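Note that chain A is present in both complexes that follow, paired respectively with chain B and with chain C.
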Partner chain A sequence: MNNIDLTGIRESNNEKLQEVIKESGGVRPEDCYQCGKCSAGCPAVFGMDNTPRQIMRFLQLSMVDEALKSNTIWMCAGCQTCTVRCPKEVDIARVMESLRVLAREKGYITEKSINLFHELFLKSVESTGRVYEMGLILGANIIGMKPLKDAEFGLPMISRGKLAIIPHRIKDNGEVKRIFENVRKRGAKV
Partner chain B sequence: MKRVGVFVCHCGSNIGGVVDCAKVAETAQDYPGVVYAVDNKYMCSEPGQELIKKAIKEQNLDRVVVASCSPRMHEPTFRRCVESAGMNAYFMEMANIREHCSWVHSAEKDKATEKSCDLVKMAVAKAIMNKPLQKATIPVTDRALVIGGGIAGIQAALDLANAGHVVDVVEKEPSIGGKMAQIDKTFPTLDCSACILTPKMVDASSHPNINLITYSEVEKVDGFVGNFDVTIRKKARSIDMSVCTGCGVCMSKCPSKVDSEFEMNLSKRRAIYTPFPQAIPNKPVIDRDNCTYFKTGKCGICQKVCTLDAIDFTQEDELVVTRYGAIITATGFEQFDHSVYGEYGYGKYPDVITGMHFERLINASGPTMGKIKRPSDGKVPKNVVFIKCVGSRDEAKGKAYCSKTCCMYTAKHATLVTEKIEDSNVYIFYMDVRTGGKGYEEFYNRTREKYAAQYIRGRVSKVFKQGDKLIVRGEDTLLSRAVEIEADMVVLATAMVPQEDASKLAQKIGIGYDKDHFFTEAHPKLAPVETHTQGVYLAGACQGPKDIPESVAQASAAAAKVCGLLSKSEMLTEPIISQVNESICVGCGLCVPICPYKAIDLKTISERDHGNIIERLVADVNGGLCQGCGACTVACRSAALDLKHFTDQQILAEVNALCL
Partner chain C sequence: MKYAYFPGCSLSSTGIEYDLSTRETARVLGIDLWEIPEWNCCGASSGHLTDHLLSLALPARNMAIAEEAGLDVAIPCAACYARSKATELAVSNSAEMKQEIEEVIERKYEGKSKARALLDIIANDIQSEDVKNNVQKELKGIKAACYYGCLLVRPLAVGFDDPEDPQSMDNLVKSLGGETVDWAYKTECCGASCPTTMPETGKKMLERIFKSAKDAGANCLVTACPMCLNNLDMRQGQVEKAYSEKYDMPVFYFTELTGLAFGVEPTKLGLNKHFVDAMGLVNEVLKADGGRETA
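Take a look at the complex of A and B:
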C-alpha cells in the first residue's frame, strides 16, 4: 500500500472540498466521528469499494478526488438509512448525492451504467411526468449494450400488468417541465 | 473634595512590560480629585501594601485606586489593606490594567498605556462616588440538609455528622442506598458493591447526628444561606414507623404483586414492600397505587396479620418545615430511556437490556440468584453483545456528552460474563475506550487479554430478531467491513441522565442547571462543589456523570465546605446587594421573576397621600439571598432598583470620565 502524503493536503484540496460542502448544503465533514453506524446499516454496502464512513474520512482529510473516484457514491441508493441513524446528524445521503453531481461535472464517472440509469430516469420523468419503465429498461439495455439483460422478466411482468407498454402520462406535464427548466436555470446539468 | 490616591502596579513584567506604569501614575496626578499617584513593582506584596497604608495616613487619603490585576484575586487583599489603615474597604477601587489591557494589547504598547490611563481615570471617577458599605452578620443554623440518600448523600452526611453537625437526609425512595445498592460489583477492584455500601448505610442510620427522612421529598425552599427554611413532604407510608419492627409478615401475606423497580422489573414485589432485603430503614411501605385496599376498599390482610398494629391506612402526607444552615444536593442520576432507538428495538426486545438490568441479573440477591439468564426464556446466553454509547455521544437521539462510566462498567460486565458462563463469547462495540482513572486502563487491558473480550470499533446500526437470536449488525471500522453477530443477549451501555425532576428541584432551591439538566457548579475548576447560590453545594452525579469514587470524593468535599460554613454561629454578608427606592417603585413586580436567587418579593407599605393613608406594593430585597448580580436593576422600569457599589450614578461617573 502506498503512503498517503498528508502534508499540506488541506490547502491543496480546499477548493474542491468547499465545492462538496456547498453542493451538499453546508454539511460539515468534521462532525463525523467515524463510528460506522452509517456503513453497518447501509443496504448497498456489499457492492461498495469504500464504506460510506470511509467516504466521510476522505472528506475529513480533504481527499476529495478519492471520494469522487470511489464507486461508493454510485452504489448509494439514496435510501437515507445512514442519515436518519447518524448520531451526529450528518446528512450522508446528501453528501453522496453531491459527490455524484461533482463526479459528473469533473468526468469521474466510475459506474457508467448507474449514471446512465439516472440520466434516462430523469429524461423519462421530464418527457412524461413520471417514469416510463419500459422505455427506461430498453434505453438502459440498448445504450448499455446488454440488450437481453433481465429480458426473462419482461413477459411475466407485462402479463401481470406490472409493466406498461405505453407510457402513462400525468394530467399537466407542464409543471414538471417547468421544474426541470428552473433547475437548469440554477446551473444544474441535467 | 475627595482626596484620591492612585497606585499603579507593574505586576513584574506582566503589566510593566507593556504599559508605561510611571507614565500612567504621572498622568493620573492630573485627574480630578487625585492628590497622590505612584507606581510600584508589586503592589500586592508586603512593601506595596505598606506603601498604600503609609500614603493613606501621610496624604490623608479618603479614596484609593489600585491599578493592577482583575479584582477576582486581589480585591479582598487591597480591601483588607485599606481597612487596616482605617479606611472603609469599599472606598478602594480597582482598575484592571492586566487582563483588560496589558495581556491583550501586548503588541500595541503606546495604546495600552493610553488605555490604562483611561481605565484609571474611570476608576478614580467611580471611587469618588463610592459610599461606605458595611458587612452585616446573619446567624447560621447549625443543621445541614442532604437531598438524596445514595452513596454521595450518605458519605456527605457521615462526614458532616462525624464533624459534629446535625444532618437530615431526605430520600424519595423508601430506603437509602440509591443506585449503588442495585449494582453488583464495582470496578476496577471487583469488590461487592453491597458489601461496601451497606455498612455505610447502617452507620448513617445509627449515627446520633443523622436523621434519615425516607419516602419524602423537598417541597419548597425558602430563606438564604445559614437560614434555609425547607418544607419536606413526608409521603404517607401507611406504616407506623415507631411501632413496626420490620418482621416482614405483612409482605409475605400481601396478595398484590407488581413489578419491582429495584429489580428493574425483572421480578415482582408486593404492594406492601421494602425495596430490597438490606433496606434502611428496614420497614415496609404501602404502594397505594397498587394496593388492593386502597383501590377497592377490601383486603386489609396486612393489617390483620400485623401483631403490632403498625399498619395505618389513614396516614396522610405530612409537611414539615425545618431550618437548615446549608444544603447539599446529591440527587444522582437515572438511566437514559433507550426506547427512542428504533434500530435497537424501541426497548421492546426483552433480551436487549441495559447495564442496570445486567447488574441485577448477575447479583447474587437478584431475581436469578446471580445466574445470568436471559429475560425472555431464562436460557443462559452464550454470545453476549455489549453496545456502548447508547444515548451518550449522540446528538441526534440522545445526549452530546460522554457518560464517563460506561467504558469501565462494560469492561466489568464482560469479565463477569466470561467468569460466570463457560464457553461464552463477549463482543463489545465501542467508538473509543476511555479509561481515565487509577487502575482503570489495567482493568480494561485485562478484559481484552485475560478474558478475551472482543472489542469491535464501530457503532451498531441495527439489532433485529431472527428466531430466538438477536442479529447485531455493525461495522468494524478498523477493517472497514460490515460485521454481524448472532447474539443471545444484548446489553446497552445507556447514558447517565439527571433525575427526571432535577430541573424542578433546582428551581425550588434556586440553583442553576445546564441544558441537560445537570446542576451547575459555581466554577468548573476552582469551585466544583459550590453553586452560585451561597450555602447550597453539590455532590455526585447530579452535577455530571460520575463513578462511585468521584461521587464519594465530591461528597466529602461538599461536606468540608458545609463544615466551614456551620463552624461559626454567624457569618458576614456581602454588602454589594440590590436596594429599592420605595418612593419611586411602582410595584409592577417585573423584578420578582427575573431574580435568579428568588431574593425579591413584593411587600405592602402604607403611606400618606394627600392626607389619606394608602397602601401600595413595593419590591423588597432579601439581603441574605441577593447575590448582587444586578439583573433586577436592568429590568426595573422606574429605576427604583439600584445595586450598591455599582449604582447608576457610579457607572455614569465612569462613563462621563471616559467620554466627556
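Take a look at the complex of A and C:
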C-alpha cells in the first residue's frame, strides 16, 4: 500500500470537502467517532466496496474523490438505518445522498445501471407528471442492454391489471414541467 | 373524518390491490377520502437521490392542493409518505425553505396540511374498539410477520413508531383476530429499487427477510409499502430459485387483511392479483370463521 500525504490532501481538498458539507445541509464528518455501528447494521454493506464508516473516514481525512468514486454511495438504498442508529447523530444517509448528487455533477458514476434507472424515472415524471412503470422498465432494460431482464413478469403483470400499456398524463397546465425548470434555474443537474 | 387522498403512482399500477383495499377499508371505517385532483408523482426515491430541492418540491405541489382544500393528506405508500412528510417538515422548520419551495412550485404551501401515513391513521388514530366492532370474520389462522420496512419508521422525524421494534401494525392485526410473530427483520430494508438495478444484491437482501419470517413461524408477511410488496411477492420465486428454498409466504397489504376481516369480498380487495398465491390462506381464514368459499 502506498503512503498517503494526509497533511497535503487536507489542505488541497478543503474546498471539495466544504462542498460536501454544504450539499448535506451541514453534516459534520468530524462528529463521527468511527464506532462502525452504521456499517454493522447496513443491509447493503455486503455489496459495497467501502463500508459507510470508511466513507465517513475518507471525509474526515478530506479524501473526497475516494468517497465520490466508491460504489458505496450508489449501493446505499437510503433506508436510514445508519442515521437512526448513529450514537453521535450523524446523518450518514444524507451524506450518501449528497455524495451521490455531487458524483453525478462531476461525472463519477460508478454504478451506471442505478443512475440510468433514476434518470429515466425523473424523465417520466417530467414529461407526464407521473411515473410510467412500463416505460421505465423497458427503457432501463433496453438502454442497459438487458432487454429480457425480468421479462417473465411482463405478461403476468399486464394480465393482473398491474401495468398500463399507455402512460397516464396529468392535466396540470405544465406545473410539473415548470417545477423541473425552476430547480434547474437554481442549479439542479436534473 | 375526511382526508385528502394521495394514492401515488404505484397504487394505480403495480400496487393496485393497495388502492382497492384502501378504499374498501376506509369506506367501512367511515373515513372520507378526497383524491387530490391531478396529483403528481412525489419523486420517491429518484428525486432525493438526484436533487434535494426537487425532492421537496414535487410532493409540495400535492400538499399545496390539499392545504387549499383545508385537509390533511392520507398516504398509503410508505415512500410517498416519507417524501411528503420531509417536505412538510422542511417547510415548517425553515421560512427560507418555505419561500424557495413556494417559488419553485408557484403555489402557496405553509405546512398546515400534514402528511399522514394511512397505517398511522388506521392503527393509531382509530380506537382498536372501533376496528374490532367492524370485524365480521376474525383472521383465525393468520400468523403474520408484520414488515414495516424503512420509510414508515425512519428517520425519527418522519417515523410514527419505534424505529427498531414498531408495534402499530402488530396491534392492528391482533385487533382483527390474527396472530403476529416476533422477528428480527421487521424494519430491515427490502432493497428498494436494488432488486431491479442490482439483482444479486437485491435477492440477498430479500432472502434474509423471508428466512427470518419463516424461522419465526409466520405463514404470511404484511406490509404497508407497494415497493416492499412487489419485491417480496413478485420476486419471491426468483429468490427461492436462487437459494434453493421454498418459502410459500403470501404477502398482504395491511389494508387487504383489514378489509378481509371487515367482510369485504376478497376480489374487491385485489387478493386474487398476487404472484404468491394468497387465496389459499384467505380461504382457510374464511372457512375457519364459518365463512363461504370464494375462490
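Keep this in mind: the second predicted complex is superposed on the first by the 184 of 190 C-alpha atoms of A that agree within 3 Å, B and C clash if a C-alpha of one lies under 4 Å from a C-alpha of the other, contacts with A are read in each partner's own complex, and residues count from 1 in each chain.
Just so it is clear, a contact is a pair of C-beta atoms (placed from the backbone, for glycine too) under 8 Å apart; a residue touches a chain by one contact, two chains touch by 3 or more.
Computed from a predicted structure; not experimentally measured.
Novice: Look at A:Thr51 in the shared chain and tell me whether it touches chain B only, chain C only, both, or neither; answer first, second, both or neither.
Specialist: First partner only.
Novice: Under the stated touch criterion, which partner chain does A:Lys88 make contact with: chain B (first), chain C (second), both, or neither?
Specialist: A:Lys88: touches chain B, not chain C.
Novice: Does chain C touch more residues of chain A than chain B does, or is it the other way round?
Specialist: Of chain B and chain C, the partner in contact with more residues of chain A is C.
Novice: What is the contact status of A:Gln18 with respect to chain B (first) and chain C (second): first, second, both, or neither?
Specialist: neither
Novice: Using the touch definition from the top, say if A:Leu163 reaches chain B (first), chain C (second), both or neither.
Specialist: second
Novice: Indicate the residue numbers of chain A shared between its chain B interface and its chain C interface, in ascending order.
Specialist: 46, 81
Novice: What does chain B use to touch chain A in their complex?
Specialist: 343, 389, 393-398, 431, 457-462, 473-477, 480-483
Novice: State the interface residues of chain A toward chain C in the complex, per the touch definition above.
Specialist: 23, 25, 43-44, 46-47, 75, 77-81, 83-84, 91, 93, 97-98, 100-101, 104, 111, 113-114, 117-119, 121-122, 124-125, 129-131, 133-134, 137, 140, 149-150, 153, 156-157, 160-164, 168, 170-172, 175-176, 178-180, 182-183, 186, 188-190
Novice: Can you list the chain C residues touching chain A in their complex?
Specialist: 9-10, 12-16, 38-41, 43, 45-54, 57-58, 61, 100, 103-107, 150-151, 154-156, 163, 187-189, 191-194, 196-201, 204-205, 208, 234, 273, 275
Novice: Touching residues of chain A toward chain B in the complex: what are they?
Specialist: Residues 33-42, 45-46, 50-51, 53-54, 81, 85-89.
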